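The first chain written gets the first letter, and so on, giving A, B and C; residue counts start at 1 in each chain.
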Amino acid sequence: MLRVENLQKNFNVKILGDKHIPGCHDISFQLKAGQFVSLSGPSGAGKSTILKCIYRTYLPGSGHIWYDSANYGVVDLATVSERILLDIRNREMAYVSQFLNVIPRVSALDLVMEPILTRNGVSYQEARERACHLLQRLQIPEELFEAYPATFSGGEQQRVNIARAVSWKPRLLLLDEPTASLDVKSIDRVLELLTELRQQGTTMVGIFHDPEIMKKTASHIYPLQ
Amino acid sequence: MNLQAWRTQHQSESLHGYNFAFLDDSAKKEIRRSLLKAVAIPGYQVPFSSQEMPVARGWGTGGLQITLSLILPEDILKVIDQGCDDSVNAVNIKKFVAKVAEVNSTTDTQAATLIQTRHRIPEEPMSEGQILVLQVPYPEALREVEPSELETRRMHAEGDYARMWLYLYEDIVRYGEISISYRYPVTVNDHYIMDPSPIPRWDVPKLHMSEHLSLFGAGREKRIYAIPPYTRVEPLEFEDHKFRIEQFPVACSRCGSCNSYLDEIISDVDGSRQYFCSDTDYCDKRCA
Amino acid sequence: MEALLKARRLSKIFGPGCSLCNESTGPDFDTNVCPHCHSVVACNAVDFDLYPGEVLGIVGESGSGKSTLIKLAHFEWSATDGEMTLHRSGLPAALAELLADKADQYTCNLFGLSQFQQRQVRNALMGIVYQNPLLGLRMNVSSGGNIAERLLGAGWRHIGKMCDRASELLEKTEIPISRMDEPPKNFSGGMQQRVQIAKALSNNPLLLLLDEVTTGLDLSVQARVLDLIRSLQREFQLSMLVVSHDLGVINLLCNRTMVMKHGRVVESGLTDQILQDPQHGYTQLLVASQL
């Protein structure tokens, strides 16, 4: 379903006098539908860069990212038009970052509901129920549902972030250290959710800093130098 | 009698040195040309040079110039001021025109061929062949909402009348009805919004599909415009706030008419109110 | 899905213009003033597509030509060159017919229309919110009247229906209905901006243009206005062109972003990509300069 070929990404920082910062190079891996590939490697090896290139938050330097999309067939995410990429993001692909990077002044519940409402085409009531259910499973206290996540603790923010990404059951999920700032109990809940999601057909690419978690959840591991 | 014959006959008489009907031929030609253009584009304000006249600007010089440029020896002239044949203004203009063009004058609306008026349209319907000349103080209907001439011209050209409509909208929202009593804006021939001169709302419907020709002259503002016979003239109105003419609680105290525009007269002696027809000719005819 | 609006080669030159204008201005020359004829190249050969429901951001410093694009799109200035077409499927039937271009599914070049037709297009299909409420509102006319003006321009002639529409929109934009008959001059800056938004939305525009809508407002007021725009965009699936020099605003509202400098588009891409992986030196500087 996803095949990364010779992906390379360098950053050219012009304001620092054309400084070149290597991001990642010679990355090739592939995964079939339903697999969970985990990227492993030391800090700075370019794991996050790869995920961001797949999501096009970073513009890939060279190489290909072949993705078999539901609507457009096989496309190269490295070069496909922004329009199609946006549509794929909207319908198929989700990204969970290390940090909560969401819209300010929107309540936790609304944040999680929004993608369900806009992408799954269900009623307001059903979206609300699903969002509440998810937040409960991730142990967000009910009194926080209507509060702004900006005021939450790091762990709570991270869990809202995950809830938002998985709520609408994307086809391809990119996970950038989703468990980094969570306690053990929360980690278990998150992993449980991810496993469920995989069983329901979501394909995943992830980064986990903890090798134990990685081994427990990933179906395949791609090591980086 | 044609003009040539008139000239030969009158050359040495009282108006020695003056042309027929006061204005020289080239001035008349210019005004007539503007009139033709105005008739060709109903409701459009045609600029004209506006001569100096022996009355001050703002005292009917626009209407007077139109009258003088059109009048012929066989014409029968009627001049009214707010419906009245005998007011000082009307009488002076009538005397002046009668003198310089030696035409007969009348107070009878039916008998007149050319009627110059200030702020009224006669009650009796006019017919084909009659010309009504209206004196106009402010020819620009949009001036209330837009001070710039450049901009109002653009608005007319593009039919961009949202602001005029907004003015009426605000009136209704604020007062519950449109508070304009004189100079009620009308749409002419489905395009231009036009100022019908300060006639009361009562008179506005008389312009619609009328048999006579209406000519509007603004001497101070140097504009001429026209409504040719059988032209659509529609007052601005909303679907839920229709245009309405004035309602009078009583009939004319003199002739008993219930179907004419009435003036309210307050007695200097005891302060009592009485209503009389504003159109004196109409009232006289009914009393006769 | 096909683009709602296509703009090609949009150019605006102030001054006489000469054959060397385009090749001697731009970011490479660090100026938009032609050294040969001293004309100002406000924008040059800008291409963009806007898709239905999409929010396209235009970011750049003062004088980069971003507001020029809005003014061209809104027919306030006439373009020196270029064309702009709309997809006909979204247009009211009468307008689609009027603007037909052969058998094409797009309209004729809208820059070629008469001012009268352009105003019709504007009244029927566009809404605009300016940085300065004085440009978008009549300060002495009631707030309801301000909204009604747009409806009147689009041919509405029923006072009751217009009042209903105005109060509906003011409610949406969080202006108390009790203040509907007050003129905007009585309102705070943030409220004026919200009345402007209500006015811009009154005719259900196909295209909404926002020109620095939060510049000059207090931070808390900015946030409220932005939240409002965001929620309205979601609710009505508005297609918007958003001009701002504030990357925060762009980040919050826009799917895609164009970066302009000296009248040229130096970079365009997905908003998160522009912010996290800017390619052009100017964009990098812009991102690095963010507070």
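One rule holds for everything that comes next: contacts are C-beta pairs under 8 Å (C-beta built on N, C-alpha and C of every residue); 3 or more make two chains touch, one makes a residue touch a chain.
Worth saying up front: this structure is predicted, and the values here are computed from it rather than measured.
Novice: Taking every chain's C-alpha mean, which one sits closest to the mean of all protein C-alpha atoms?
Specialist: Taking the mean of C-alpha atoms per chain, the most central one is C.
Novice: In terms of CA centroid distance, which chain is the most far removed from chain B?
Specialist: Looking at centroid distances, A is the chain farthest away.
Novice: Counting only Cα atoms for the centres, state how far chain B is from chain C in Å.
Specialist: That gives a centre separation of 47 Å.
Novice: Could you please state the distance in Å, as a whole number, between where the Cα atoms of chain A are centred and where those of chain B are centred?
Specialist: One centre to the other, that is 78 Å.
Novice: Quick one: report the Å distance separating chain A from chain C, using the average Cα coordinate of each chain.
Specialist: Computed from C-alpha means, the inter-chain centre distance equals 33 Å.
Novice: Once bound in the complex, which stretches of chain C touch chain B?
Specialist: Within the complex, chain C touches chain B at residues 115-116, 119, 123, 138, 141-142, 144-145, 148-150, 152-153, 157-163, 181.
Novice: Would you pull the chain B residues touching chain C in the complex into a rising list?
Specialist: 154, 157-160, 162-163, 165-166, 169-170, 172-174, 238-241
Novice: Where on chain C does chain A make contact in their complex?
Specialist: 1, 49, 51, 54, 223, 227, 230, 234, 252, 255-256, 269-270, 272-273, 276-277, 279-281, 284-285, 288
Novice: Where on chain A does chain C make contact in their complex?
Specialist: 11-15, 52, 56-59, 82-83, 85-87, 103-105, 114, 118
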